[in-house]
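Two complexes are shown next, each including chain A; its partner changes from chain B in the first to chain C in the second.
Our next item is the complex of A and B:
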């Protein structure tokens, strides 16, 4: 992951900052320049809830190189309180216990590193609440 | 009144039993469990490090303090396992918690007492009137060399303390530091694991410095051990803190609430700070707490706290240390542990 892109995405990756349309209230995560609902262009920054529910998940057993030492690991779609859905790795999970509909909480974890000498990339994951 | 306005601790959920490590190396488990009073220790997940542990602990501290993160004027993280050699851990933490950018940030290092140093300086800034709030954190994901005695104790966890002067939950009454050049434990640049002086780590190092800081602190405050409801000392193993407490005249009952090391291990910079968090979880208004850290090299920081009426309002706002210690554990075997701690050499 290149440093500039990682840096640009910090508000979303670290703090779940979304754009709330000032015209219709629609929440965009990540923020957009034009509201997909009403086409308005003015937004305020809001922080999404760090609590939510597991909508669906899958278990990654064959991962790309960077994540190959962490398999098997679940990746799920989490509906945060307020309605926004995010895709996130589910950390510390006992895969056999994971159930659709269960409560999850967003935590701050290391996502990957840019090789042995590159930057460390942090962001959100979900854990069982 | 200046002191702690919010505190939080965090422990990873993974554990390894001392017995599992002992069997791996053909050592008698009894020598560890009975001799050093170490039963199990925390292990960080593969995606956890000093920064993520600090963020979790500080988030709980903010939840307890209920303050605007923008009002925090300084963030100091003490650790001997900062993920970057050059780039302070606090730079990442402030962006995760919405602190700054108008904030002073630094990493502290002093073996196991880097956390209490961070608290010491954070407190001093607020006391000097330089800023409204300051955050001091001690966190580590320390490693012992495979088969070394340290492997049974080196664990992961941390605690965060927001210092302030309004709605103080534990007032800091006195502080004292005691430091000398003592080569009991060290790690040279570029080495993976620390070295230690074996028996030399006891009397000339741990005991001398803790006793030095503690004695001066008692003199300064004109208090005596029986005045305190609780005491917590740095916990490199189960035995040492009890022994130093005894030498100073503290009783077992005063140490019990903060004596978490037999099931947590030595969280290094997080050791006495997590012990303090465990005490604050159960403390009552008016209780006096005595705390002395120890960092090899060597030095000790001492604090005397008086718990205020505010404590009962904040205790339940975030998870308590004993809940994290006693529940939600995932035990690892030695192979999983070696993988988690990246002790296995892989192809790049």
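Our next item is the complex of A and C:
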């Protein structure tokens, strides 16, 4: 991954920074230039909750080449407290125990890498709360 | 807008076409369509393709294909809307003829997926690259998220998912252009390799090469050629959030609901007026969700409908994917939306052979991109 492309997502991937619409309060993650709810264009930066609930999940058993050594790995949609939903891997979990409605917590983890000479890419994963 | 009709169609065999290049495949389909229509020229052309840049390292596909089809200097444009590229290509041709800008336009689609690219990675570019794919999710994975939620909310079962694959293989076995011309049992589906829980290999459409093309024309042209024209009575398109997780309800594809509302209104039809539908069954769960969202079945009942055979050719409640669908016919991504139109063209002309829906006069094609971030719907009617 080109360093600039990785670098500009760091506030979201490392710190869960979202854009809160100053007009209607809607949270956009990642931040946007136009509020999808009320179309206003002014935001303040807020940090999302690191606690949430599992909305749905799967276990990826056939991955792209980049993730092929990681399989099988669970991925879910997590609704963070406050309402924002994110797609995240569920780490350190017993696959058979995963349940919709499960309480989860967001943690900082290594997500992927660019091979031997490339940068290591970090971000959020979810773990059982 | 004036009346627009389809007057010719052609497609290649779908499958692993190792001896044919992307150019060979597209030109073969286009030549068949031109010959079938009996036209001596085309005014312009569209080439639907999802990602020739990633699959074969070739972009600028409009010009590439116009050159190899031998029709330069006509306008030729590559159209991309992920897996809905074919439907979007057809819609561009429709709009160009409807507007009066052209009389005869070729709408084609093609994909060459077996030339060695990382197909899983290439297909994943139809999702949000930074906030879905970055986490390692795949397309089967995204549809598995929908499937799990649908099962939890509506009680959709593993057997109901399998019923979709069994029915589509049964139809595809009767389609000479299908990639898989073999039937499968529910047991085979449910014992096939797990890809992304709960979806297994036989819940997934395959990796395919293939091309499809139709000739779209004005009614005046059709009359001069003395063709039995198939009218395009609605063309509608909608979009939705690129990321599945941004949707309030992930068991409903809102782009499908919205495009269908528009299409029914334009055509002045309702679901009960449709005699057959080709839906975008990239995964078995997609057929269940789309048959609900198109209004053929109550929300949550799509699985039951598949299991009870209400979507089979014989049942006639609403025959779904008489071609075999993406599941059995194959899914060369950019060609799929055009191939759906070809199935309607054959059915409405009464030339679908052993797949024929008796008395079919009105057909619908529903083509979508990503997890439904794009949806293109057409309704065709026999004159």
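Here, the second predicted complex is superposed on the first by the 129 of 129 C-alpha atoms of A that agree within 3 Å, B and C clash if a C-alpha of one lies under 4 Å from a C-alpha of the other, contacts with A are read in each partner's own complex, and residues count from 1 in each chain.
By our rule, a residue touches a chain if its C-beta (ideal position, glycine included) is under 8 Å from a C-beta of that chain, and two chains touch if they have at least 3 such contacts.
What you see is a predicted model; the values in this text were computed from it and never measured.
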item: Three-chain arrangement built on chain A, chain B and chain C clash or fit; value: fit
item: Touched partner set for A:18, first chain B, second chain C, both or neither; value: neither
item: Which of chain B and chain C A:94 touches, first, second, both or neither; value: first
item: Touching partner for A:48 - first (chain B), second (chain C), both, neither; value: neither
item: First (chain B), second (chain C), both or neither touched by A:70; value: both
item: Touched partner set for A:9, first chain B, second chain C, both or neither; value: second
item: Which of chain B and chain C A:85 touches, first, second, both or neither; value: second
item: Contacts of A:30 with chain B and chain C, given as first, second, both or neither; value: second
item: Contacts of A:58 with chain B and chain C, given as first, second, both or neither; value: second
item: Which partner, chain B or chain C, touches more chain A residues; value: C
item: Which of chain B and chain C A:111 touches, first, second, both or neither; value: both
item: Closest approach of chain C to chain B (Cα atoms, Å); value: 12
item: Shared chain A contacts, counted only where both chain B and chain C touch the same residue; value: 70, 111, 125
item: Sites on chain A touched by chain C in the complex; value: 9, 12-13, 30, 36, 55-67, 70, 73, 75-77, 85-89, 100, 111-112, 121, 123, 125
item: Complex contacts: residues of chain C adjacent to chain A; value: 118, 120-121, 124, 130-132, 134-138, 140-141, 144-146, 148-149, 152, 193-199, 241, 243-246, 250
item: Chain B to chain A touching residues, read off their complex; value: 13-14, 45-49, 51-52, 55-56, 59, 83-84, 92, 95-98, 330, 339, 346, 348
item: Touching residues on chain A, where the partner in the complex is chain B; value: 10, 14-15, 47, 69-70, 91-92, 94, 107-111, 116, 120, 122, 125
